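Data block below; observations after.
Each chain carries a letter (A, B, C and D) given by its place in the written order, and its residues are counted from 1.
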Amino acid sequence: MKQIKIGVVGATGYTGEELIRILAGHPQVELTYVSGKEDRSEKIQDIFPYLEGKVDLACKAFSAEEAIEKTDLVFLSLPHTVSMQYVPLFLKAGKKVIDVSADYRLKDPAVYEKFYKAPHADTANLEQAVYGIPEIHRVEIKSAELVANPGCYPTGAILGLLPGLNPPTGGGVFAPDTIQIDAKSGVTGAGRKAVKELSFSEVNESLKAYKLFEHQHVPEIDQELSNAAGENVNVVFVPHLIPINRGILSTIYVKLSKTIDTERLLKIYAEFYKGEPFVHVYEAGRLPEVRHVANTNLCHIGLKVNTDKALAVIVVAIDNLGKGAAGQAVQNMNVMCGFEETTALL
Amino acid sequence: MKQIKIGVVGATGYTGEELIRILAGHPQVELTYVSGKEDRSEKIQDIFPYLEGKVDLACKAFSAEEAIEKTDLVFLSLPHTVSMQYVPLFLKAGKKVIDVSADYRLKDPAVYEKFYKAPHADTANLEQAVYGIPEIHRVEIKSAELVANPGCYPTGAILGLLPGLNPPTGGGVFAPDTIQIDAKSGVTGAGRKAVKELSFSEVNESLKAYKLFEHQHVPEIDQELSNAAGENVNVVFVPHLIPINRGILSTIYVKLSKTIDTERLLKIYAEFYKGEPFVHVYEAGRLPEVRHVANTNLCHIGLKVNTDKALAVIVVAIDNLGKGAAGQAVQNMNVMCGFEETTALL
Amino acid sequence: MKQIKIGVVGATGYTGEELIRILAGHPQVELTYVSGKEDRSEKIQDIFPYLEGKVDLACKAFSAEEAIEKTDLVFLSLPHTVSMQYVPLFLKAGKKVIDVSADYRLKDPAVYEKFYKAPHADTANLEQAVYGIPEIHRVEIKSAELVANPGCYPTGAILGLLPGLNPPTGGGVFAPDTIQIDAKSGVTGAGRKAVKELSFSEVNESLKAYKLFEHQHVPEIDQELSNAAGENVNVVFVPHLIPINRGILSTIYVKLSKTIDTERLLKIYAEFYKGEPFVHVYEAGRLPEVRHVANTNLCHIGLKVNTDKALAVIVVAIDNLGKGAAGQAVQNMNVMCGFEETTALL
Amino acid sequence: MKQIKIGVVGATGYTGEELIRILAGHPQVELTYVSGKEDRSEKIQDIFPYLEGKVDLACKAFSAEEAIEKTDLVFLSLPHTVSMQYVPLFLKAGKKVIDVSADYRLKDPAVYEKFYKAPHADTANLEQAVYGIPEIHRVEIKSAELVANPGCYPTGAILGLLPGLNPPTGGGVFAPDTIQIDAKSGVTGAGRKAVKELSFSEVNESLKAYKLFEHQHVPEIDQELSNAAGENVNVVFVPHLIPINRGILSTIYVKLSKTIDTERLLKIYAEFYKGEPFVHVYEAGRLPEVRHVANTNLCHIGLKVNTDKALAVIVVAIDNLGKGAAGQAVQNMNVMCGFEETTALL
């Protein structure tokens, strides 16, 4: 039954850990290679002791050669700018790659360079990379060799805006130049790092906004929304750090370009996501909460129209490590490998 | 040295508790009366054991007669619609009142009735009530007999918007009809209550928005901002519940009516709050965090202009029990009684 | 493939919710009946919206008749003293019962009455009830009609002490009359309730001990340890409330009756739990942490011997809703129904 | 009124920050020198923005020379083994020193070397150093030039055990060789550090025990309890890390050497701490909670006797940064300088 050999490069970070947790329960894949940084132990189950009895695998220092030899498909959870050094090697060797870094998300290398402070080193493969939100790009993902797994903030923002920008029935109801995203993220979104600003007593019992207008996730959001809207979209994006482990709640403000009420807008959303196993649109009067999507691959969406102001407020909840990272990455793998899309995912 | 006898009615809630904590350290006042609900003990220091050795006072079932007899000034921390039944008695007896409920905040009884679902029962005194933000109404507060202590959300929102709506040099730089307030509050803001939705495991590790556009604090904000702007203001207000005890972070989005950059807008704010002991405007590049205002009466403000979008984002941090409730109430008392305004306040 | 029809009575509490979450992913059972209290909606997926698309089931007011008609096996998550009113009905109708309440845990009705302030109403079935820790009573559970699912505290304490009281090689190494259990529990352990003491701001940023020596879980621990030790055991038990959602860490102090060092004691533990899929004994120098067992059915055990004091300290981590409640209940179901014991469990 | 010039060396850690917060409100002292590490800004109020308007002081790289020149009394919040390099310089210059490190707490240099892995470099001054718990050593502190401010865990443990080891009426009621301390600490106790283990998502929603039997605070506890008991005491000490910012709850288990019940033991405690402004002994049936001592210099003690087991369980709550560090340091300063002992302390 185990059909595919899987590697996770960068297994000791939060996304890597979540990938392994999910993949350990996937009936059609076998974890055959994991690598970590200086904080690795000999065995991955020594680092994450709940894996004891489920996974028995050395956690190596990363070797592309060994990873290529041992796997059919690899998840690369490497730092930005590092990933693109290795992706070509995997692709050349005929391996499928799901890149969790930002290296293949932005189609325009100039935009990449602006936000990641380094020229893109693999523009050759950039073109074929598919932006990995299955709800939008399912067909391309099916045949992709390289999937760029989206950022956590973009996943919530894009899923929350797409139906109104580009309804199934045609004719957007949102004014694309008026989008303001007030996003609130749990702390795992910042990665497993030894930095004072992320230490418990600095984050706990506090709240802050950061990187106003200049977060590196902005161009991802703009790229996908521009595609959907058929015009150039530049969002206002204000992220906040919230003292929870997992979850993003995005509160999105957008002006309506047509007169529409809450019920009818919800209908557009429900229609747009009909049949999607991981996206759930709430009925009028109810809004999503992070606790209902934590530890899942779900995206919950609620909204309300303010008629006086010709404004819609859309509230989107995801787990930043689920639909915002590892969950979506496994969903992409399921699509790429022809597995049932929901396999191993909650 | 103890010049004034003080009562706290509704002493067992979060605001009541914070009032007593602050007043116990105030050198010019003496706590002479406290009352609580069914959850009171015989002594207030049995309920809040850190008061042992500082306060020795029975915690009674509320009797207006007894409160009037024993106090010169009373803080009323009663439920909305209850307060206005008792305020007239205190005023008639010549006592000063700081009403922590919403009963005297809204000048228009029709608006009050709309949001609090009851006709106003004391319109006679409504007119003389002063909305208690000393940074705006200091002169009126000085001679007031009745101060309506503001709501926690309004305090942050109003202080964060006033300078740009009504700069010291005249001529607003904000378009008043474009204000959107995305507010994030700690849980004490909801009061000390036995309700399932506020229990630890429902709130912890979660986030949610609630009461979109229809929170009862909206008319307070509109009233004060309309006064400042000299025109009718209706804000978009979206509150969120955040798993921290104390603190509100308000992220305010407003369109600019004039071309202005971050530095110059900050200069207007700094000028506006010059000399104010409790309001601090950050320099460009820095934003407030809740942890720096928690357990204080401070209001910290930072902002950034998005020139492309002709938009300002203002971030305001207060402690909802400090500047958002009990702290500001004591500040009001200090002004009303001619004490040094910062006495007993951090 | 769905072989068994399952009911969850008391589905809206934390244990009920967790049962449904787990059972929704179980390939061999079908949820056919759920009931809740006054806080139920029409559909269980409206209460727990992450179930949307996975479960579609009305959430009824409890009717024993309907539950009996619709199910083969029922989980009863009812209050203590209520459960024993209904258990006989289910048993008489030939249904298997896993009772999550305390009603069938204590073999001695007099002890039950002392701790639960009510005489036992179903002593007839009490005798046949099996105390549901599969690691101890697997054989009896296999053929049981009625399993008394253990309390959360007892599960951790018993699993942590058993190997030293009754080693596989015979001859206890612990002095049974010296056991002191300092237990720290997350807040879901107290149930989903509207009580002020459990509200977020009362629990968050605090710690407390409660019910010293008199917690109702004491007799369960004593009963099972007495059986294991072959003599009367009375533990000292001090529970604490900790501001986390899920998890119990029990720090157990016990005097050694024989000279033994950490390595050799660990060997006894490893031998005792050899082959157990859910119990993991750490190597010397490492201790369990709640985060590694949260959201699982795992029990992690570490320990260290203080030779000077002839004392062992055993640290046990479980998830109070996992191995401490719903996880173990499903493990019991798997054993009772002849399913693979780990099915649907992490 | 400002009589004394004060320096805080190591001002950017949690204890340093708390010292400055308290001292900024002290009417009889003036902060004249603060120094920090690489993370300092030009001004201390830029690091801790709530100090704006209260303190205006450069935050320098530490220079003992400058500190000596500018101060009468200095708080040294330096790492262990560093402090003892500078203390002699301050003392020689006639300055009073309150050392917050562990360097002068242990009277026996051999024990110091064993636990801090370095020989003591200033045994000359070690002898005159007074262990700074005013409730025990008030007379010596009054005339001390050098006070060794106690560790956070020892403060709670010692205050919780002293009355029973050495009652005012003579004749201990505790068996000194049976003491077991199960301590639970908030995260600020570990200091402001960039280490992965203390990052938010590692600590939040988890619990763990650490350093069983070998924590460096053990010899402090043993030293002071041995003095009190008049015999050699070696405690069993098991610390735990809890996801709160501030506070320690110590649950202490000790065998009774005499028959005594809860009421009579409480009477001994109440008598022992009679008149102490910061220590509060609860009545029977009530136990301390961290939330009631957080942000204060208080120590709250409750207890219960288990007659069957001839055991007392004592529960002690302090704030690890209050009575466990900065609060007690200021209390010591007040005693050393002849100020009212409670000045500036809650």
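Everything that follows uses one rule, which is that a contact is a pair of C-beta atoms (placed from the backbone, for glycine too) under 8 Å apart; a residue touches a chain by one contact, two chains touch by 3 or more.
Quick caveat, the model's predicted, so the values are computed rather than measured.
When I count C-beta pairs in contact, which pair ends up with more: C-D or A-D?
C-D
Would you kindly say which chain has the C-alpha centre located farthest from the C-alpha centre of chain D?
A
Mind checking chain A against chain B and telling me if their interface is mostly the same residue numbers on each side, over half, or mostly different?
Shared-number fraction above one half, so same.
Where the centres are mean C-alpha positions, what is the separation of chain B from chain D, in Å?
Chain B and chain D have C-alpha centres separated by 36 Å.
Using CA atom averages as chain centres, what separation in Å is found between chain C and chain D?
Computed value for the inter-centroid distance: 39 Å.
CA centre of chain A versus CA centre of chain D: separation in Å?
46
Pull out every residue in chain D that's touching 2 or more other chains.
If we look for residues of chain D contacting two or more partner chains, we find 202, 204-205, 243-245, 288.
With touch defined as at the start, can you tell me which chain B residues reach chain A in the complex?
180, 182, 184, 202, 204-210, 212-213, 234, 236, 238, 240, 242-247, 249, 251, 253, 287-291, 294, 304, 306, 308-309, 311, 313, 315, 317
Under the definition above, what is the set of chain A residues touching chain C in their complex?
Against chain C, the touching part of chain A is residues 25, 48-50, 52-53, 205, 277, 280, 282, 288, 292-293, 295-296, 298, 300, 346.
Show which residues of chain A lie in contact with chain D when the two form their complex.
Against chain D, chain A makes touches at 14, 39, 186-188, 192-196, 198-205, 243-245.
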